[in-house]
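Order of writing sets the chain letters: A, B and C. Residues in each chain are counted from 1.
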Amino acid sequence: MPQLGETVTEGTVARWLKQPGESVEKYEAFVEISTDKVSADVPSPVAGTIRELIVAEGATVPTGAPIAVIDEAGAVAAAAPADQPPAPASVVSPPASNGRNNGATAGGARVSPAVRRLAREHAIDVATVSGTGTHGRVTAADIVAAATSAPVAPAAVRVAPPSAPPGDELIPLTPARRLIARRMVESKQTAPHAWTMVEVDVTNLWAWRMAEKDAFEREHGMNLTLLPFFMFAVAESLRAFPLMNASFHENGIAVHKNVNLGIATATEGSLVVPVVRNAEERSIRGIALAAAALIERARRGKLDVDDLSGGTFTVNNNGAAGSILSAPILVPGQAGIATMEAVVKRPVVRNDAIAIRSMMNVCLSLDHRVVDGALASGFLADLKKRLEAMGPSGAL
Amino acid sequence: MAKTVTARAALDRGGLSDEQLVAMLWNMLLQRQLDNRGFQLNRQGKIPFALGSEGHEALQAGAALSFVRGSDILVPYYRDLGLVLGVGITPLDLLTNMFAREADLSGGRQFPNHYTARDRGVLSISSIVGAHCTHAAGVAYALTYHGEGGRVVLCSTGEGATSQGEWHESINFAAIHKLPIVFLVENNGWAISTPQSEQMAVVDVADKASGYGLPGMICDGTDPIATYRTMKVAMDRARSGGGPTLVEAKCYRLLAHSTDDDDRTYRDRDELAKQRADDPVPKFERVLLEAGIIDDAGLAAMKADVLKQANDATDAAEGLPYPSVDDMTTHVYAGAAYEPWLE
Amino acid sequence: MVPERALENRAQANGLIASSDGGPHEVGGAQPGAERLSNLEAVRMALHEAMVADERVLIVGEDVGKRGNVFLITTGFLEEFGPKRVVDMPLAEASIVGIAVGMAMQGLRPIAEIQFADFIYPAFNQIVGEAAKTRYRSNGDYSCPMVIRTPYGGGVHGALSHSVSIEALFYHVPGLKIVAPSTPRDIKGLLTAAIEDPDPVLFLEHKKTYRLIKGEVPEGHFTIPIGKADVKKSGTQATVVSYGYNLHQALEAAAQLETEGISVEVIDLRSIRPMDKTAILTSVRKTRKLLIVHEDNKFGGIGAEISAMVAEEALFDLDAPIHRLCGPDVPAMGYARPLEDAFMISTERMRAEMQKLVQF
C-alpha cells in the first residue's frame, strides 16, 4: 500500500484494474487506491503477470502492507526482502500425484519433517492449512493449531468473496471448521453408516450416581455425571466385542488392542474428540478424572497432539442437551460411535405391571464394512445388560 | 689352572659377585633367544611384527642390574626387550605381547615391545619417539614431590630420539630441578636407515649434556660390566640427590630395525660383518668362561634352559585367546561410559 | 602477549549475566555464603580451593608462579603453596603438558596451563597421543588425571595468535574431556570437577569473559557434572545452543526478543566432550527449531556434530533447517578492529538470526 500523502497512514483498495493471470506493463495502472486525502491510480513497479490480489476491493490496510503479488517477467518468484531467509521457503514443489498425499502441498512451499509428520498423524492436508511462517509457510505450530482447533484468527482473505445478497452474513471458514467439514465428508463418503439403538433402564445406575455424587464432588471438586459410568461399560463391552473396536483397511481389519475412547466435545466454534487412553484398564473414577481433565483442556483450547490421537471408539453425551435420539457420524478410522441420550422418566412394563423407570436411549452408528447388524445388536445388548446391572452396590 | 686364575684376577668385575655376573649373562641369553623368537614367529607367519634388539644385550643387562626393583621406575623405549626382562617383565609377558593375546599386559592393544607394568615400575609408552621423555621427567618430579629421596627414574632412548625437541625439553627440565633421573641413550649407530652422522653433528651424544647443565658419561655398550659401572654411578648420583645424568652406551644394531625393515638397502655388509664379530653375547660368554665363572657344561645348560623357557612361553602364549571385541570400549575413561554424547 | 588491562570492561556487563540455575543436576552442598565474582575470580577460587584440599594438586605453566599468571589468576599462590606446587615451567608447551602427563601417571594431580590456546599446538601429541590414550593403551594399568587450562577466544584485539578457539581440534578425541563454562558458578563447579576427574580434561576459558562476566558463586566445595548442559533461559519458539562469550550475547538477544513476545530457549552447552544429548533433544523436540552459535570457524566446528546428531535423532521434530551461526572459515581474526568485528558474531546478528528462525 503506497503512502499517498505526507501524513497518510492507510489506504483503501477502491478497485482492481487487473485480475490474477493478467499481464501488466511497467508503469501501467493496475489498482485504484483511495485515502481520506486523495484517490489515485497506482502504476505497476514492474512488468509482469499479476499472481495474487491480497487485499479485497473496499478493504483498508495500513501503508506498507502488501496488497498484491506480481511475478516480474524474466525473474523468479515475487519480490523478496533484502535479507532472504533460507531457500526452502521459496522453492515450488510439484503437486502430489496421490490425492491423499499429506506430505507435499500443491504448488506451495516445501514441507518440513515436523509438519509432514504432524499432518500425517492428524490426517490433515497441509494444503488446507493457512501458514503463518515466512512466505506463508505452514509451520508445525499451524498444524497443531489446526488439529486442536484452537481459536485462530481467520487467515487474511486472499480472494475477494462472492457477492452475497444483502442481509446475509458470510462467516469465513476457520481452519478448524474447514477441517471438520473435510473430515465429516470423508467419513460419510468412505464408511457405509448403519444405525441402531436400544432403550436402557438406568434407574439403579442413576441411584448409584446420586449416592456417589456428593462425596465425589467433595473429593475431586467436580460434578459426577453418567458419562464415566457409560464409558466404563462401553469399554467392557468393547472387550467382549472386539470387532467394534477396529478399523477398516484395504488389507485387513485392524482390531485394536487397547480401548482408547474419544469423547465428542463441543468447544467454542468447534468440535474436538479428546481421547481417554486404555479405558479398559481404568476404574469409573479414573475415567471420570481423565475425561474431566481432557474436557477442561479442550474448553481452554489447550489440547495437545497426544490428547487427540489414537482413538479407537467414540462416545457422545448428546443427552446432556436433551436429545433422545441421534445418528452420529463416525470418526474416520473407527468402526463405531455410541451416544447416550437424555435420561427420561417413562412408564414401562415390568413384571407385567406398569412402573415409572428412568430410561436412557443408547444409539450406535457403525461402519458396515467392519460390523454387521447382528454383531452391533449383540454389542448393544451387552452394553444394555451391563448398564442395567450397575447400581449402588458397585465400586467406583 | 693358572690361566683361569689369571683371567679371574684380570677381570674387572665392577664389584659384582659371580651370581650377578651370571645373572647378566642369563639376561643376555634370554634376550637374544626371545629376540630371535620374535623374528622366527614373524617369518613363520604367526605374528605380524617384531623388533630386534641384537647388539643391545650387554648394555641392557648392565643397565638392568643398576635398577632397584620395587623402587625405581623404568621408562623404556621399543628396543628395550632385555632391559624390561631385567627389571621383572617375564618371557610370557613378552610372548603374549607378540601374539597380541588378551593376557598381554595391554590386553592386546599395544604393538610389540610396548609394555605396561605399574606393579613392577614399568611405565606405559606410546610409539611416538621421544614422547616418553617428558613423562619420565614428570615421574621423576613426582618421586621427590613429598621430599623423599632414594628412588630413580631410568629413561632410555636410542640416539635418534635425541633429535626430538621433547628430549631436549626433558633433560633441560631435569637439570633445572636436579631431578632423580638417568637418561640412558643406547647409541647403536642407526635410526632405521639414518646413520648417526646424519642424525647429529657430534660423535658423542654425551656431548649434548653439558649444554643443559648435566653430566654426560660414555661407556662401552657391548660390555655389560662397563655399562653397569657407568650406570651405577649415574643411578647413585640421582639416588642421592645429585641430579640427572646423560649416559651414552655405545653399541651396534646387528639386525634391521624390525621385521618390516630390510637393511640391505642401506647398510654395508662388510661393516655389518665386522660389527657382528664384536657381538656382545659370545663376547661375554668368553669373558665368563675364561674367568672360570662358568664352564662349557654350565653354559650349555644355561642355553638349554633359556631355550626351554622361550619355548614354554611361546607355546603357552600361542594357546591363549585373543581379546574379546566386547573389551574394545573399556578403559576409554575411568568408568564404563565412553560415548561422546551424554544421554 | 596481551596485557590484561587492554581487555574491554563494559559497563553493561551486569545486563549480560544469567546465573546458572541451581538445578537438580548439581552435586554437593554449597555453603550458605556466596560471593559475586568474575569469571576470572571463579577460576582462581576453584584453583585455590583445590590446592588447599588436595596436596597432590599442583599448577605448572609459564609465569604461573612469580608473575601469578598473565591475567593474575594465581597471584599469591607461589607464596602460599611454595615452588614445588606452583612451578614456573620453561618456555616449551610440549613439555609443559608432557611433564604433567608423567606427574599424573605417577599419582599427582597436575593442572597444566597453556598461556594462550593459540600456543597449544606444540603440545598436540602430548594431549591427543599421550594423555588421551594413557588409560586405553595400558588397559587401565595407568591413568592420566590432569587438567589442561587455557584462555581462548577473541574480541580482545588479540589478533592472529591470541584469539583462536581450539575445541574443534580436540573434541574429536576419545579419552579426552573438554569443558567450556561461561559463568562464574559454572566455572567453579566444572573446574573443581575437572581437577577431581580421573581422566585428562581440557578446560577452556573465554578470555573476553574473564572480567566482563560476574555472578554469584557459592563458597566451599561443589561440583557440576562434566557432560551436562544448562538451560539458561527457557523458551518455546526456537532453541539456541551456545557457549563462551557467545552464550552471554545469546542471552542478551533472547531477552530483547522476549520483550517483543518472541520466546527463545538458550542452552549453555558447558561441556563439549562429552556433550549433553538429552538437553539438546528435549529442547529441540519442544521448539522444533535449532540455532547453534559458536565463535569458532564454521566448517568442522562443533556445530557440525550437533547438527548431525539432531538430524539423526530428531529429524521429524524439525520445523526448519538446523542453522549454524559461526566464525568465518579464515585462519584467524585480524588485528584491525573492522577485521576483528567481522569475525566475531555481534549480538545484533544473533538476534536477527533468532528472529528469522522463529518466523520461518
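We take it that a residue touches a chain if its C-beta (ideal position, glycine included) is under 8 Å from a C-beta of that chain, and two chains touch if they have at least 3 such contacts.
Here the structure is a predicted model, which means the values were calculated and not measured.
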| item | value |
| --- | --- |
| Identity of the most central chain, Cα criterion | C |
| Remotest chain, chain B as reference, centres from CA atoms | A |
| Inter-chain centre distance, chain B versus chain C - centres from mean C-alpha coordinates, in Å | 43 |
| Whole-Å gap between the CA centroids of chain A and chain C | 49 |
| Whole-Å separation of chain centres (CA-atom averages), chain A against chain B | 82 |
| Touch list for chain A against partner chain C, complex | 83, 85-86, 88-89, 112-117, 133-134, 137, 139-141 |
| Contact set on chain B toward chain C in their complex | 73, 105-107, 109-110, 114, 116-118, 123-124, 126, 128, 131, 133-143, 145, 165-166, 169-170, 172-173, 176, 330-334, 337-343 |
| Partner chain B, residues of chain C touching it in the complex | 58, 84, 89-90, 92, 94-95, 97-108, 110, 122, 125-126, 129-130, 133-143, 171, 174-175, 177, 197-199, 227-228, 271, 273-278, 309 |
| Contacting residues of chain C [partner chain A, same complex] | 288, 315-321, 323, 352, 356, 359-360 |
